[in-house]
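As written, the chain order gives the labels A, B, C, D and E, with residue 1 at the start of each chain.
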């Protein structure tokens, strides 16, 4: 069976390599991909949208529908994770562990009916014992704000540099994931609760679709940002640039919230109490 | 011996532990405002370096982003408002960096010599040992731990709360160099002499 | 396009991919998949597709490895192969 | 100068092969982690080298910056696994 | 100027070589971390500084800012690399991996 598999793989690979001979060579100006719409994008995108990065202009303006449904797919992934994994009923674990922050000793509290009061010197830790790691906690605590600022920079500068909503959203989500890994999941959820990121995720998609619908209300086609010129008090070309920025912010919000949502659900088995 | 050391640490600890706890609500409004301003200033400097565009539109975007990050996670950057205001620590810490870089360079040469030595197995003698540090603050402890990791043949394995370091050392020479001058310099930089 | 560097990185991509498939341990496989993702990012960057490289760097290197590790953490680590 | 940078890039990718050996054949998973960490630090340098060869450093530097931060998260998550589940020899 | 850049890059490459060879040659997991933690960080520092210097050839505001960004990468590497190494070594200790010493050789 194994040998058969290897033979099939080698045959398919040989077929693919053979078919590669018919490809146009790299950066061939006569290849079909460079002949239909690419020249128009390259020539016109700067004067039509005033966005130097052509990829962003194509992604958010010329191919706006495509990106909108991509965002919807990301949103759907978050929702699917939520419905598959989340256990809404709260069943408390029978054993809780607390750490005395001054000495580092741990205490087990077993089978109590009422939850012990929150004390200053005790912090709750996970059932799977994790050490109080001063280095990782301090370094990640310093790193997280810079990571968040970098994510916002990537979203805001999608016009001039590589990047945009997807990448910036992932970096923003990664900053919260870093907080959840270095401290614990409860700290991260305390900073951004489930309700917040469950609202932010559809809100991002709504910003995208709402901008398109607003353009339609104002008398142009769906996602034709030139219509926003009247509201923003700028000429239509700048309005298209601003419209792209608004859409990117929507994408960034949706992607960030989805990343946090998926991570929280997977790492805590849908219980939202203890994570990785 | 170790329990004794821990007990000693506990006795004089509560006073400093209670004000270096991670998230303590601060009551001094002026201090708190100062730390907000400091966090905003640092983040905005970073934004200017990252952005490189000085027109009004991008700068206002930067102000909005920095305000959002400052409000959302200022207590991560400065958990206790006191440290934000003390410029002396910043200046002394910057003066500590060149010495650290020099030490890192020497450490790299030492490890390089070990790596390419044909009889490397005879030269190295890995061991795990403990050392007691007299540093107090969280940041000072973390700086010391990371400096140990970056300099000659030593890696910090674990730092306990009362300042006991567990260190893995590659050979005898690197074991002897600790704690030594590095701890003194860090204590000086963080004003803990 | 720098063909020498392209060729070298392509070889690395193939090695990393075969390694990620061949390892039985799921956690090691997830870690090697991270290395594969580094190489893919470099490959996109060499081809000049900077935006794709950025997406690969942020999604592939950081977040997807974390997701895999979290999934392995909550399930089992052995493959039944 | 471009030729020199190209040579540096080729040499770095050769060093990556050595690190990849440790990542593929490492006896324990933590050895693989060391190998991947070493590859990650070389990748950030290589990205800037490519940027210098293409004369567009300002674009590639963002990617390298994202890399330096995100590589760290993956390594930290994988090491967190071992602090909680103690089975090292799971292969 | 070019001479300094080439010298620094070659030093950095030697450090990287030491890191890669050290990861292969050392006997156990703990001692492999030493070259991975130190030599890679030092090599990245030297090469990044050299590239930032080379970038300043055509001196202008944008190249200056790009140089600053490269230095920023170095700062982040210096913050994150020891932390990652510490995380790995701590995981090794918790997982119960014994260190290689001379006695049981």
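Just so we're on the same page, a residue touches a chain if its C-beta (ideal position, glycine included) is under 8 Å from a C-beta of that chain, and two chains touch if they have at least 3 such contacts.
All values reported here derive from a predicted model rather than from experimental measurement.
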{"item": "Fewest hops from chain C to chain E - one hop per pair of touching chains", "value": "2"}
{"item": "Contact-richer chain pair [A-C vs D-E]", "value": "D-E"}
{"item": "Chain nearest the overall Cα centroid", "value": "D"}
{"item": "Remotest chain, chain E as reference, centres from CA atoms", "value": "A"}
{"item": "Chain A and chain B, separation of their C-alpha mean positions in angstrom", "value": "31"}
{"item": "Averaged-CA centre spacing for the pair chain E and chain A, given as whole angstrom", "value": "30"}
{"item": "CA centroid of chain B to CA centroid of chain D, Å", "value": "25"}
{"item": "Sequence positions of chain E contacting 2 or more other chains", "value": "21, 33, 41, 62, 66, 69, 72, 76, 79-80, 82-83, 85-87, 90, 94"}
{"item": "Multi-chain contact residues (two or more partners), chain D", "value": "33, 35, 58-59, 62-63, 65-66, 69-70, 72-73, 76-77, 80-81, 83-85, 87"}
{"item": "Residue numbers of chain A (touch at least two other chains)", "value": "131, 135-136, 139-140, 142-143, 146, 150, 154, 162-163, 167, 171, 174, 177, 181, 276"}
{"item": "In the complex with chain E, residue positions of chain B that touch it", "value": "46, 49-50, 52, 101, 104-105, 107-108, 111-112, 114-116, 120-121, 124-128, 145-146, 149-151, 153, 155-158, 168, 170"}
{"item": "Residue ranges of chain D in contact with chain A within the complex", "value": "58-59, 62-63, 65-66, 69-70, 72-73, 76-77, 80-81, 83-85"}
{"item": "Chain A - residues contacting chain B, complex", "value": "101-104, 120, 131-132, 134-135, 138-139, 141-142, 144-146, 148-150, 152-153, 156-157, 160, 179, 191"}
{"item": "Chain E - residues contacting chain A, complex", "value": "76, 79-80, 82-83, 86-87, 90, 94"}
{"item": "Complex contact set, residues of chain A against chain C", "value": "26-27, 53, 55-56, 59, 154, 162-164, 166-167, 170-171, 173-174, 177, 181, 259, 262-263, 266-267, 269, 275-276"}
